[in-house]
Structures are given as structure tokens and as C-alpha cells.
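First chain A sits with chain B, and in the next complex the same chain sits with chain C.
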Partner chain A sequence: MDTTVTAKKKWWAGGYSPFNVSYGKLMMWYFLLSDAFTFGALLISYGTVRFSSLSWPDPNHVFHSFPFMGDANLPLVFVSLMTFILIMSSVTMVLAVHAGHHRDRKAVIKWLIWTIIGGAAFLGCQAWEWTHLYHSGAWWSLNPFANADGTAATNSNFTDFFFTITGFHGLHVTSGVILNIVILLNVLNGTYEKRGHYEMVEKVGLYWHFVDLVWVFVFTCFYLL
Partner chain B sequence: MSNEATLHGQHEVIHHGEGHGHHDGHDHDHHHEQSFISKYVFSMDHKMIAKQFLITGIIWAIIGALFSVLFRLQLGFPDATFPWLESILGHWAEGGRITPQAYYALVTMHGTILVFFVLTAGLSGTFSNFLIPLQVGARDMASPFMNMLSYWFFFLASMVMMASFFVQTGPASGGWTAYPPLSALGDASIGSKIGMDLWLVSMALFVVSQLLGGLNYISTILNLRTKGMSMTKMPLTIWSFFFTAVLGVLSFPVLLSGFILLLFDRHAGTSFYLSELFVKGKVLPNEGGSAILYQHLFWFLGHPEVYIIILPAMGMVSEVLAINARKPIFGYLAMVGSMFAIAILAFLVWAHHMFVTGLNPFLGAFFVLLTLLIAVPSAIKVFNWITTIWKGNIRFTPGALFSIGFVSTFISGGLTGIWLGNASIDIHLHDTYFVIAHFHIVMGVSAFFGMFAAIYHWFPKMYGRYLNQTIGYIHFWITLIGAYLIFWPMHYEGMAGMPRRYYNYSSWASFNQFDGLNAFISIVVIIVFACQLLFVINFFYSIFKGRKVTTTNPWLATTLEWTTPINPGHGNWPGEIPEVHRWAYDYSKDGKDFIPQTVPVSPDESAH
Partner chain C sequence: MANVDTTQEHASSSTKTIWKTFWILLGITVVEIGLAFLHLGTGFPGKLLLNAIFIGLTVVKAFFIVAEFMHLGHEIKNLILSVLVPLVFFVWFIIAFLADGDSWKNMRKDLSPGKARTYEMAKPAEHGGGHGAGNGAHH
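== the complex of A and B ==
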């Protein structure tokens, strides 16, 4: 690290990165900002359509199943588990990044593996939920759920948006898991040990936290509101 | 000098938060031979990528302009037949007359090509790539690899779009805005069949290309400025590319979201944009969607897009005007502030494209106010350009002429923007030729003038040769006069209520008065098109046979790109990157014609 950095340094005068970050991290931040607009557009579209609808299905009724529990009425229990898993995978990612800062290769490997497992488990849960909904007759253009006020559904807005947006989020989780695996392989090969820093772990960490944060919004929009 | 050493060195140094200017002076003696493929095809040199964008853009511009010539034939001479049309377009021009379907396909493709492929990729793709590293003092873009990908995604998008011309049902033909329900229903029009899918795929690839490019431009400008190049010492070109890239990175993803929903509507039976529709007498099952939703998503990109097109032109024109007037740019900080204001307002005005959609008039009032606010920074910029050349010692190079032409067209087209920004006037003028005239002058012609100014001005840096000046002057005058002759009369047609997008006006007696005018416009279009071909010939001829540049700084400019060798290699500067000591506009200062940015400020010198 540059030891001449002092408070008086003119960060914006050129010759330095004004935020003291590498271009790669800067690009990741701007990419996340960009991606936030993608999700923002989808969620605002959802909100627009939903608020112009007279009634909407009750999530407690739609999402009440749990694997191997048959017809037990457990509203939002399964999605809470999914959310817990994803948030825990963010915690393990924090630990992986932290270990990277201390160049503790073993710990990076351990926590990255846990993060990958968490991501894969979340995707598995999502696959189960989609399959379950599909078997109850829900799919793009098919909405079997009655509205909260008891009226029958007149359109498929609910399922259209649900599958599109959770699917788009799932795609992000999938690419995040793939990225994490690539980075894990690099750690195993000692690439970052040779490079002298584990910044790549930090960058995929940023992406992972972003995907997690987006889920909080998706979860709120579809399961809680 | 090897790319790896230079670029790797730069990354490492940046990572440690030090200046990259100190460390990459080493290792420049041994030259690394590149293969043809890595030098000209999959090049990672920003200058080569810029040329790839430019030449691809020129090819697209010829195609897009040719399309306008073809549909102008129909508009100007609706009763005439042109048998040669049938020989090139086949059944799309049966009997020598363009069919209605072909007419709409041509109009749609003209819009798509010019807005996205020429004036976005061809303009900011070329000059952001070319000028950012050269003018901020960097060896290359932050990520040369992503930069290369950016071009190749654009190339892929181009190939897919090009392929859509040759499918049996033809390319997309629902307008460049691709509004549903027309664009969502293949049964509604043959142009909404496979051609529409190819259009969407091509545009998605284009968004990826813009994202890769934009991230690079932003991080290069923020992170890789050479020592001394503070943000306020940057030439206005760089500021304009910066705001352009930010607009692109934040608005294109929203378009992508809109396209994703549209694709589902087309292929998964969803009803995001569809509700209560009849096609060919059949009731469609779709319920609950909103076609207006698409328009919101589209124009959230669509409006910033016009600034993505015009901002680079503004920045480059500022630069070319200051250099050729031999005067400092007037109101540098006001220029930066105006661009910033434009960039912010760009996101807050999209619904002024939707005044007649049934938008709540209360909401519309806010969009009117915000839209009219854009006139403030625009006017500041115009006044600053005029005061920059005021009493200047102007060198009327083709670049300078095109810059002055830019200011002219920007004023004429901008003023009608104030008309259209008012909802009450827009309700009358919406979808008429008045709108066509407005946006072609203020965005199309102006951006082209900015682009031509930049090409004439930076051609010597790109190819080490000059473009032919005489042809440049002919090109300028015919284009300027032609552009006004084409678009000025359209204002009158629009005010008389003549709608756009119509194939044939002969059934409306009220528009018969414009028959002669329409024919006149079409003839001018053909002349102006031929004149652009003259420019293209000049361009390609001059690459190989143009007059050679003999000095490193032919325009006597202050900025860093003119401190590089006449034909800079990959890495731009053979030795260390120069340090910057002053702003980019020290012209006619303290009795000196110009003082380059690399000259230290002497103690007895008055600060600017």
C-alpha cells in the first residue's frame, strides 16, 4: 500500500483513483447500480399493475406449503427458510472476504464453499417452490389463485410477474453461484496468492450481497405485501 | 513495448492507490509484434476499437440513409413507379412501388439504425474510445478486454439486425419504439413475426455492448487520469463522454426490462402489455395488461437516449470551436454544470413523449415544467459557444464549420422543442411532421454535425493523414443547406396537421397542397445522400492516400492527444505519460497563441 497517503492528498488531482479503489471494483459498483435499475424497472412495473388492480391474491394463501408436509397450512414458512438461507450465505461471504483481507487462503476456501452451498440451496428451494406452484396450476399466463377479496382471478398478472421477476432473480443467483465457483477454483489454484491480494473475492462478494439485497425487495413485494 | 507489461503495470499500480504515471515509464524499448488478428480484428487497443466502431457506424449510416432515400421516393412520388426498385427489393417493391409493409419496415429500420447503431455506437462508441485515454492521459481503457467485448457485442447486434432484413417476413416494422400491442402480436403484422424477435435480440446485445463500454468509460475517466489532470482540468469532451456513459449505464437496463416483459408477452402468453384485444376479428385471451407501461419503460431510456446522442457532440463541438477560434472556451464550469443539469433532467422528462396517451394532466404539468427547464442549460451552452467564437480569430476548417453548423441546427431544432414540451401545443402537433422536423434537426442533424466536426478534426490523429479540405467544404455546405431544405418545410406540414407514418396522403385533400413540397424534399434528400457518399469516399481515400500529417500538433491544440507521436502505438506515449499543469483552454493567453496542458504554470503567469 502507498504509505505516502495523507489527509492532505488531493484525491481528485489525477494520478490516483479518487476513491482509492481499483477500476474493477469501481466497475462492479457501477454495474450493480445499472442492475438495480433493471430490477427497479421490473418491480415498479409490478407495482404499477398491482396498484391499478382492484384485488390481488393473498400471499399467505398462495405460499402456504412446505416440502414433505402435505396439506399442512404453513403460510410463508418455506419462503422464510429460503430467505434465511440466502442471508446466511451473505454472512459466509462476508467471512470469505474478511479472510481474503488477511490472506487466509484456507478460510477463504471454507467460507466460499459455504456460500456456494447456500446459493445452491436457495436455488434448490426456488426450484421446489416453482414446481409446486406449477403443479397447482400456476405458470406464466395461468393464474389459479383467487383474489384476497374472494373474487376469482380475471387475469394472470400475479403469476406473470411472480415467475418473471423471481426467475430473473434466480438467474442472478445462478450466475452468482457460477462466479463464486470460478473464484473458488482460482483460490484453490493459488491464483490470488500469486497476485498478492484477494480482491476478486471482494468483487464477487459485492455482487453476491447485491443479489441478496434484491431478494429482500422481491420477497417484500411478492410475499409480504 | 508490450501490452501486457504496460497494461498489467497500470492495473497493479492502480490497485495500490498510487499514481500510474510514475511507474510505467519503463520497458518501452522492445517492440512486441502483433499478429493481424490481434492488431486489427480482436484488438484491445482503444484506438483500433474506436476505428472499428467508426467504420461499422459509417456502414450502418449508409444503410440507414439509403433506407430513408427509398421511403422518401414513396412520399415524394406516390404515383410514380421505379422498376429498378423491384430488381433490388423483389416482392417488397412489386411493380416498382414500395409496398406498405416495406415502407413501414424501412421507416422502422431507419430509426433503429440511426438512433442506436450510428448515433450511439458510431458516435460515442468511436470518440469515447478514441479520446478518453488520449485526453485524460492513460495508456488504454481501464479494461481493454471488456472494451474489445463491447465492440464485438455491438458487432453481433449488428449481424442479428442485418439478418432480420433477409427473413421471409421481413424486419420489424412497428416503428423504432416497438410499441405493443403491435410489436407483441405476430398475427397483427408480418413485421411483428420473427423480424421483431431478431430486433429484440439485437437490441439486447446492443444493451450489453453499451454497458461494457459505459462501465469502461466511467472508470477510465475517474481512475486513470494522469497526474495533475484534476476533474476541472479535463477537456469538455471528456466531461460529455462521462455524462453520456452514466446516462447509458442507468437507462439502458430499464429498456432491457421492458424488452424482457415484451418477449414474455410474445412467447409465453403473458399479458404485461396486452388487454382486451381483437386481431383479425378474433378475441385474444389477454387481460389485465397495460400498453402504456411499455411506453413508460421505453421512454425512460428513450429520452436519456437523445442526450446520449447529443452530449458527445456538444463536448466535441466545444473543443473544436475553442481550438479553431483560438480562444478559451467561454464559461467552462457553466458548460460542465449545464451538462450535469441536462444529465439529471434527462431522467425526469420521459413522459413528455406520452402527453396524448391519456396521461393524467396533473402529472403532465410536472413533465411540462421539467421539460421546459432543459431549455435553461441548453441556452447556457448555446450562449457559451457563441461567446467562445465571438471576436475569435476563427480558422474555418471543415471541423470548425461543422461545429458552427451544429450550433445553428441545435438552436433551430431546440426552439421547436419548447413548443413540443408544452402539453397543450403537443396535443395538436403530436405525431405530425412538426415532430419529425424537430427531432431530426435537434438530434439527428446536430449530432451528425458534431460527429463530422470530430471526424474532420481528429482524423489526423486517427490515421496520420488529413481528410481532403475542398471536399470537406463541399460536404459541409451541401449538408447544411440540404438539411434545412429537407426539415424546415416539414414544420409547415406538421402545423397543417399532416401526420407522420402515413404511406400515402393522396386520399386527404387537405394535404394535397404539400405534394410539390414532398417531391422537393425527396429530391433534396437524394442530393444530400449523394453528398454523404462523397464524404465516405473522402474518408476511405484519405486513410490511404490523404495528405500526411508532418507535425504532432497540426491544429496547435493544448490537449494531451497531440503530445503523442503522429501514429501512436498501443500505450499511446512512448515514454512516460506527461503530467498536466493547466486546463485545456489556454488559447491566446499572455501573448501566446496557445499553451499546452503539459506546460507548468510559470510564477509570473496570471491564473485563468
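== the complex of A and C ==
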């Protein structure tokens, strides 16, 4: 790949990628773009329904629990932990990509393992939260939460959107963890060493950061607003 | 294509930048949570201002993740534009759909049982009255 970037270079003259990235990486970007629209559609439809509702549950009331803390009122604390875990795993992923640039196989392995642990920890947190909400009577089509203005819920829009969107995000985290495990096995087998570059780590890294990016929006839309 | 120059040191992907980005993201998240607790305790800042701050900070976080972690800020302009320009659709989606939702809410308010209608009523003689407070049987 031609990495020398000059202002006068004719990017569209042919002979090299006009985007200065490999085909695989470009397609990963376009896949993520389409996935952004999928998540965007979900979040905007959530916003539309919320805007059309006279009242809506208060997130600080709904999400106030923490494992092993019983009935203690701790709004935001658990989801903050989940957010921290995901940001942290994004950092370990970017460190794995960085190590890949230097063809430091040992470091790639180390950081990929930490990323997988972070992803699994996030999924564990989400499993706990879903279980907890399920036991308080919340599920698709079941909404036990009173509205912020004190009126009883008349529909299950809140829980339907919550479980659908966090579930779809969780599915992305799950596939991200699986992809990370696959490339970790490839690194262990020396596949990328033979290939001469670790670009596959970069591509999966792009996907992993995207999952973190979506969580930033899910966190704001469901827990803060 | 596969012949990537590995000896070239990208100043942008140095571990220093990575950790700096991490601290920025963590700092913004801490500020968000801090503001949420401040609001819970004191009611300040007001809900509308608070939400505007949250959305603003979310966009800032998204910028750092995409520009630094996903390295898009260090790619060439062709790639940056190819990825970012289609996202302009979101501006319209958000405005149009949220406005539509708001309009639905206003219709719900106007037509909810027991609410006085804001527009001209049908002749009351037709049903012999009954549009009074708390009567939703006609709907």
C-alpha cells in the first residue's frame, strides 16, 4: 500500500486505493456505516415513541440496583461500571492494534486476551441487569414501571425498546467477543506472522470500537436522558 | 496492497495518544454522571439544559472514539468524507421523526377523554350532550 500522502497526489487516477486503505478495511467501514443506520433507526424510533408519550418512566428509578447491594438505591452506578468496562476494553483493543503495527506478537496476544475479558465482563453485567429487571416484572410486553409523573404505565413501549436495543447491542458485543477469540487463535497459530501483517486485528478492532461507540449513545439515550 | 510498511512509526497511534484519549473519554463520562447526581440532589441544572449537555458530551465522546480509536482522523480525506457524509441523513431523521412524535403527543393531549376540545365542536344536539368531563365512552 502506498502510504506516502502528498497534496498533489491524484487519488482517483487509478493504480492504488483512492481511500488509501485496503479493500477489507474499506468494506469494514461501509459495513459499520450501514450498522450505524440500523442502530440509528432503532434509537430514533425509540425517541419518536418517547416524544409521542405523555409520560415515560424515570431511568434513575428503573436502573437503581447493584449486584449484592439488595434494595440500596444506587442510580447510575452499575451502568457506569458497564460503561467503564467497555471503554477499557476499547483501550486494550487499540493497544493490540498498536502492537500489531510493530509485529509484537506477544503484546498482541496479551491485549487481545484483556479485550476478550472486558467484553465477557460487559456481557456478564448485562446478563445480571436483564435478569434483575426480569425478576422485577420487566420483559418484552411487560412494563411494571410507573411513569415519572406518577401515573401507571399504559403500555410496554419503554421495556420493549429497552430490551430490543440493549439486546441488539449485546448481540454485537457477543459477536465481537467471538471475532476477537477467532483472531486470537489466528495470532496464536502464527497466521498473521506468516502473512506478514496484522491487519485483521485492525479490522476487528474497528468493529469493536464501533460497539463501544454505539454503547455511548445507548448509555445516553436510556440511562441519562 | 498487502505490502504494508510496518517500520513506519505513526505518531498518531502511539500509546501516549491512546491513553490520553482514554482519560478524555473517562473524564467526560465522570462529568456526565456527576451532573446526573447533581441534578438528582439539587434539581440543578434543569432537565432541558441537562439533556442538551448530555447530548453534546455524547457527540464529543463519539468524535474521540471515531477519530482516535478508529483512527479515522488520521486517514485521508476521501475516506473520511466517504464515511461521514452519509451520516448527514441523521440530522434530518432526528428532526423529522422527533417532531412527528411530538405532534402525536399534542394530538393525544387534545383528544384524551375529558379534555375540552380546542377546535370547534360538533353540534351538541346530535348526541344530546355527553361531551362533558370524564366521559370517554364516545371514543
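Brief remarks on what is shown
Just so it is clear, the second predicted complex is superposed on the first by the 216 of 225 C-alpha atoms of A that agree within 3 Å, B and C clash if a C-alpha of one lies under 4 Å from a C-alpha of the other, contacts with A are read in each partner's own complex, and residues count from 1 in each chain.
Methods note: a contact is a pair of C-beta atoms (placed from the backbone, for glycine too) under 8 Å apart; a residue touches a chain by one contact, two chains touch by 3 or more.
Keep in mind the model is a prediction, meaning the values are calculated, not measured.
Between chain B and chain C, C contacts the larger number of chain A residues. Of the two partner chains placed around the shared chain by superposition, neither chain B nor chain C is touched by A:Ala146. Of the two partner chains placed around the shared chain by superposition, chain B is the only one that A:Lys10 touches, whereas chain C remains out of contact. Residue contacts after overlaying the shared chain place A:Asn20 against chain B and chain C alike. Looking at the shared chain after the overlay, A:Ala120 reaches neither chain B nor chain C.
In the superposition on chain A, contact of A:Leu54 is made with chain C only, not with chain B. When the shared chain is aligned, chain B comes close enough to touch A:Phe31, but chain C does not. When the two complexes are overlaid on their common chain A, residue A:Asp212 makes contact with chain C while staying clear of chain B. In the superposed pair of complexes, A:Pro75 makes contact with chain C only, with no contact to chain B.
In the superposition on chain A, A:Asp160 makes contact with chain B only, while chain C stays out of contact range. Residues common to the contacts of chain A with chain B and with chain C across the two structures: 1, 5, 17-23, 26, 33, 37, 40-41, 45, 48-49, 52-53, 197, 199. In the complex of the two chains, the chain C residues touching chain A come out as 1-6, 8, 10, 13-15, 18-19, 21-22, 25-26, 29, 32-33, 36-37, 40, 51, 54-55, 58, 61-62, 65-66, 68-70, 75-76, 78-79, 82-83, 86-87, 89-90, 93-94, 97-98, 100-102, 104-105, 108-109, 112. Remark: chain A residues 1-2, 5, 10, 12-24, 26-27, 30-31, 33-35, 37-42, 45, 48-49, 52-53, 140-141, 154-157, 160-161, 164, 168, 197, 199 touch chain B in the complex. Taken in their complex, chain B has these residues touching chain A: 11, 14-22, 136-137, 142-143, 146, 211, 214-216, 218-220, 222-231, 233, 249-254, 256-258, 260-261, 264, 268-272, 275, 287-290, 293, 296-297, 300, 579-580. Contact residues of chain A toward chain C in the complex are 1, 3, 5, 11, 17-23, 26, 29, 33, 36-37, 40-41, 44-45, 47-54, 60, 75-76, 80, 83-84, 87-88, 90-91, 93-95, 97-98, 101-103, 195-197, 199, 205-206, 209-210, 212-213, 216-217, 219-220, 224-225.
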